[in-house]
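Next, two complexes with chain A in common: one pairs it with chain B, the other with chain C.
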Partner chain A sequence: MQNIQRKHAISHRLTSAFVLVFLVAGCGKQKTENDVNLETVYAPEAGGTLVDAMTGEPSGLIPMIAGESAASAVAGNIFNSLLKYDKNLELEGELATSWLVSPDQRTITFTLKPNLKWADGKALTSADVLFTWKLVTDDNTRTPYASDYKLVTKAETPNAQTFRVTYAQPYAPAMDSWAGLQILPKHLLEGQDINTTAFARQPVGSSYYKLESWRNGERISLVRNANSTQGPAKIEHLVSRFIPDAASQFLELLADNIDSMNLNPIQYARIFPARPELIKKIGLYKELGNNYTYLGFNLKHKPFDDIRVRQAINYAINKQEIIDGVLLGLGEPVSSPYKPGTRWSNPNLQPYKYDPAKAIALLKEAGFKDHNRDGILIRDGKPLAFEILTNQNKQREMSAVLIQRRLKEIGIDAKIRVMEWASFVGRFIKTGDFDVVLLGWGLSLDPDQFSIWHSSQQGPGQFNFIGYNNPQVDKLLEQGRMELDPDKRMKIYHEFASVLQEDSPIVYLFAGYGLPAIHKRVKGIDNPAPPAGIGHNSYEWYIPKPLRRTEMSSD
Partner chain B sequence: MTKYLLKRLFWMVPLLVGISLISFLIMHLAPGDITTTEASFNPKASEESRQKLRALYHLDEPVLVQYGLWVKRIAALDFGTSFATHQRPVFWDKKDDKGNVSSGMIKQALPITLLINVLSLVLIIAVALPLGVISAVTQNRPPDRAITLFVFIGFAIPSFWLALMLMYWTGVSNNWLPISGLHSVGYEKMAFLAQGWDTLKHLVLPVFISSLGGLAGISLFIRNGMLDVLHQDYITTARAKGLQENTVVYKHALRNALLPLITILGLSIPGLIGGSVIAESIFAIPGMGKLFYDAVLMRDFPVIMGILTIGSALTLVGNLLADLAYAWADPRVRRGISQ
Partner chain C sequence: MRAMLIKSLSNPLAMLGFIIIAAVLLFALFAPVLAPFDPDAIDVKSILLSPSPQHWMGTDGLGRDVFSRMLFGARISLLVGIVAVGIATIIGIVLGAISGYYRGWVDVLIMRLVDVMLSIPTFFLILAVIAFLTPSIWNIMIVIGLTSWMGVTRLVRAEFMSLHGREFVLASQALGARDGRLIFKHLLPNSLTPIIVSSVLGVASAVLIESGLSFLGLGVQAPQASWGNILTDGKEYIEFAWWLSLFPGLAILITVLGYNLLGEGLRDALDPRTANKSS
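For the complex of A and B:
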């Protein structure tokens, strides 16, 4: 084999040389010169190409139809919404310059910025916003996201710059929903079937970039939109390559073929520190991710209806150990379903401390005892044993193992079962046929958690599948939905989170960091990352001319 | 002979129906459907919307009704559109009234996978043939042992590991080959010849990796076929009448030893359209393996059925072709068929 590889390499070098003679240049890949100092400070300038890697390919670029994260990542550079979240995750206007909530809190009036244009030069007006709202609420539109928008009882456009929506009753998550609805061009989509339209693969938007080309299964290239409603971006081309395998992405990053990717904890905490030559050319960043991992109890099953059992398990699990072992320290414990450091997160809440003695005391109080001295606690003749269900996700599997060991120490016999996602949801979640699950939820930007915790949301396919039922929480969730004043809303959700924490229907395990690695040729990145993550100002990033890749500079 | 051919073709129809029915049923045995995989855990996606989607895709009907609907479409060679978002056509390109083309998913992935698999099949045979012959001729002597060892290492080595090692060696440590993908980022701006060279460079590693595993089977097959033949009386006769050893081996023995290879080639025709998920993921190649794997995970029934149907049709055709080729190559078989 050695022999064949060597032959192979030699013949390759020969053919290489052969072809080079004929083509002279244009196919060789030149690396950035090593003598360019990446740490030099350069003034911002426009131009250049940033190549990044994505694990999946978008199915299309109409965000309300495509649900996957790959689609939203690309579409976010092409389309605008009325509102957006700023770097501290507070709402601000994007297409809207201002918005007004009526005194009865039922009507919201958005005023659009003047002279907005689509990438093709046509004017962007409130008619487009109305069109998009009609589209998302249309019964023929195959979108799972219609419910928020269907609550609008009246949508109107008094003039080309004003869009007004009225709700039957005050609905606070509305603001978040208008930050989530990306506005589509009426003049290009009217009369088309939104589900199958070719627009999904050749979109025209209004944001910083527009689609340049899309090679199926290979990459999407975006180019700066001269008519951007948000002003010009600095980097000229954004290329996203689809590379499903994380190891291959990493090799591409090492070979300088891509500028950025998301690292896993091992790459971040083990490989990079061991290779100083990588740190010299690649910048590492850390941002809190958008979801948390938890251990959830089926509250309809015994013994999880007993708060002492739930709290005991919470005390028995060492969260820091999981963060250190599974995430190599690259995560944070959470104690509410909100991003730490944002308005909605209650700063007074602390995670349950690791305290096995307290856990044992609580279980004893609940009537559990090791009658037959086999190390497993028993109550009413039944051993304290259950199955922890999770889906095929390495971090979750590893967490389950650490939890299993800690539970064993206090006399609980936990088994682990790992399932493929669709089977997991179909067989266990929808039927409610589980004891304990290890899953994740989003750290939502809007604090409304009605669909996850309200007692009315327990039907098959709904999200309160753990069966949480607490009248106090129900009332807070209802209040929070009706209150549009951010400060009053904040108090409601701080209280909600503290009741939830005390009740312990789930054990918050951790929120992991996103770990972007970006080549140091890219300048203008905010470090450390604000709550919104490093991407919040990506339109201000720039690549100084001396640092650009030679073969790709188009200007 | 024509009668035989017609009979075989006729029997393919019930076989295909049976295969598709069983595939359809097994596919529906797996729990979940597209609405459990798509946006299933997004609190913004309500259960009512999901029920609506289910009804739109006829997923709320009994399985046999769904199968009937599928057969009705497939009878007109309509493979339908993907359940996944944006409903790309499964096989054929579709043009809307404005002249915009949505390309078929299989139609796009198939040529890529075919190219890689045909190239690697050619490579396998080109390498396995001499290896097998040398092995047989030097049976139980060092060259034979070395070749057997080499092909077994190739067979046993985890291909994803070797792929990553080679990617590192040829792409990171040295700047010889691209690491992944099918085309470089600047591909569109290259001259025609440069484009071909670029594609070729991207194909080297995937083709090499996917050949390595197949080498062992084919070369051992040829070795054993050769050994059988070399012990036949007519070879002894050929040697006895003073023919050169090369003539004996390559003209008299090899041609007879190649017969079983026809069967193998026939059977490998359906394999040509099935890509390897692992290799395609590592090399970021948008081929059939990845397409099928993703469709299964997403429960994208039209795509799964499309690929299975094409696969099973090709398997049946491959069997038929193998039998025909056998008859063409071997008079004894030919006589059996015409009787």
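For the complex of A and C:
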């Protein structure tokens, strides 16, 4: 044991000496590197290493247990689901070759592709799918994702290639849920406690990549899976380095130590344009994220139970100013709770225009007046004042400052309180002890937002923490879940969005663009990004041999 | 007293410290007159402009004028420093006087309390307390004050103990002076010099603590400017907008340096042992 540790220490020292040499050599070599033309067209070829950066380290690689974005980002390259979304966000088979919905819309039969294999060579069958379903619905499994799958009343495997689920009543988000459940190998997990299994750190999957090594606090390396159910990927190694600080990530990108990261608007719109040598080697992309930022009222608190107050605040906030000032124009205004430009977003809705005069008129109508001429409106002896709570997120803090100023102009005294995320959720969101929050929603691709808006979802820890209660919306949400016909469903959600828009329980602020930067040595990237985002075909990306960096073996 | 001040200012470094502090105080005092812009005025059309004749220290991520914010930030930093040290000094004098004058079990009790407080790293104690309170400038002053009185207590106690046996005190006691008169007329005035020195040095550390807290987002809240939170804003843009980090960093450095120079200068001038050397 001791010997092994010793050896490790030595090899570490050797690596750092090596790094030093490499850095020194790097300085001299710069000129030749610049000579390589990154714009040349190369034929696709396999091999090479892509290094990206992650802010957090996954706690494990079983996504249903880890439940964090860091885990799903890595696990998405290792595991497959039955279905997946194609580049235009339409569902297609991943492990399934086809699926059939029964006429009563309650039963779905999936047929798996033939000859599927796990990375260790064992056969992947419907028994694995059934096993995974049992796992996710098991009460001993600590997962936040069980609810969708618990609606399945019967799951069966008529043969090794067929998996059939039956619901008590038609459930439209079911399809999306089967695109979200990553299938786990029964032969490795049976009889183990999924919450604590060592499998989380040495996963075996079926997708393009398999785990090569995982160095705590440093990096996860994936290598191509020869048995991939989806065919071979081009890039040989995927390395994810854990770099918590965005500013350090950026320095690493500039130093050519990582190939990709997500930029912030300042980096994208200010730093890059000012430095042509960066544009030469790093490609910038833009994709609209499936999320939006909003100002939410606690509808159980006065005066936010008054629709006129909510609308007045909505009119008083200049959303374009926030998009220009905070996102440097790299965002879109939002008027329904869906990604702008998708099928579910109602194209007839317009955001509330910036109109302070109308806001003042609405507040006057609601009974607010500046009795003591101090610039702050008063009703029933109480000033119109509240606290805007948000978490430590630069964009949200800056938006709050802009909103605060606009509200002051119409006589509302808003204070800002910025909190660390965990205590923010624990002390204010779960207890409902807040007036106004500035937060964001990250959305799934299915339009069902029952858990966010339905009046039954107001318990502690549930998502309708603003206390929204509208019977009409409740009914629409219930209908939307039962309707499997996409066109009819679309109409339901368009109506839902227009009710929300009128009612103004939240003020939509913006949907920001994701701004991936990827080194130009990586080829095969779709630009502009399709609706599914830039990464939808990452398995087709390739790094031509002349452009690969001098690889240092990691072990 | 005045002679000592003059004497200490004859030391060039102490003089420099005095000038720095006087300048910062003047800037803070006349911030509304000196500031070319409203420190909270947002202008999304002039985000992150580099220093220019119009914006001497450039603009920040929301287009606010950094120079104006620095001036108003000086007020916060100095106010926090002075009030916090005021609180600490008052507590320190009271406890130190009781401890040094009455001695016995009161002394033991207070000194053990001092030991307990000193054994906790102050900054982390403050962090823990602030996490439970609403972060605001008043809470910060109070919390810094309540966690930095131990040094003064020890000084006052030691001073009282050494003065206790002196002739003038004994004489006064023999004439029938009460405790109050002894403490306030004789002991306290004669212990003032080390208290002043430690207060001046205390302001320096209070300014640092406030900047640290604001940098971590637990101090002065937006949109109010403080050097600490201007520095935080700058962190994100450091390789692009250097002016957002440089100016508040320099301001903190220079102010703290000023207080330290003045404090050290005063100490040298007031301490008879070093005074002989320097003259």
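We take it that the second predicted complex is superposed on the first by the 518 of 555 C-alpha atoms of A that agree within 3 Å, B and C clash if a C-alpha of one lies under 4 Å from a C-alpha of the other, contacts with A are read in each partner's own complex, and residues count from 1 in each chain.
Going forward, a residue touches a chain if its C-beta (ideal position, glycine included) is under 8 Å from a C-beta of that chain, and two chains touch if they have at least 3 such contacts.
Since the structure is predicted, the reported quantities are computational estimates derived from the model, not experimental observations.
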{"item": "Fit or clash - chain C, chain B, common chain A", "value": "fit"}
{"item": "First, second, both or neither for A:248, with chain B first and chain C second", "value": "first"}
{"item": "Which superposed partner A:270 touches (first chain B, second chain C, both, neither)", "value": "second"}
{"item": "Partner chain(s) touched by A:423 [first = chain B, second = chain C, both, neither]", "value": "both"}
{"item": "Of chain B and chain C, the chain that contacts the larger number of chain A residues", "value": "B"}
{"item": "Partner chain(s) touched by A:405 [first = chain B, second = chain C, both, neither]", "value": "second"}
{"item": "Partner chain in contact with A:46 - chain B first, chain C second, else both or neither", "value": "neither"}
{"item": "Touched partner set for A:142, first chain B, second chain C, both or neither", "value": "first"}
{"item": "Angle, in degrees and to the nearest 10, that opens at chain A between the C-alpha centres of chain B and chain C", "value": "40"}
{"item": "Touched partner set for A:397, first chain B, second chain C, both or neither", "value": "second"}
{"item": "Lowest C-alpha to C-alpha distance for chain C against chain B (Å)", "value": "7"}
{"item": "Those residues of chain A which chain B touches in one complex and chain C touches in the other", "value": "247, 251, 420, 423"}
{"item": "Residues of chain B defined as touching chain A within the complex", "value": "30-33, 35-53, 56, 81-82, 84-88, 94, 96, 98, 100-103, 108-109, 112, 150, 153-154, 164, 167-168, 170-172, 175-186, 188, 190-191, 193-194, 197-198, 204, 208, 281-286, 290, 297, 299"}
{"item": "Contact footprint of chain C on chain A as seen in their complex", "value": "246-247, 250-251, 264, 266-267, 270-271, 274, 321, 324-325, 328, 392, 394, 397-398, 400-402, 404-405, 415-418, 420, 423"}
{"item": "In the complex, chain A residues that touch chain B", "value": "1, 8-9, 12-13, 16, 19, 22-23, 26-27, 29, 31, 49, 51, 57, 59-60, 62, 65-68, 71, 139, 142-148, 180, 192, 195-198, 200-202, 213, 215-219, 239, 241-245, 247-248, 251-252, 254-255, 257, 420-423, 425-427, 430, 439, 441-442, 444, 449, 451-452, 459-463, 551-552"}
{"item": "Residue numbers on chain C that touch chain A, as the complex places them", "value": "40, 42, 44, 47-48, 61-63, 131, 134-135, 217, 221-223, 235-240"}
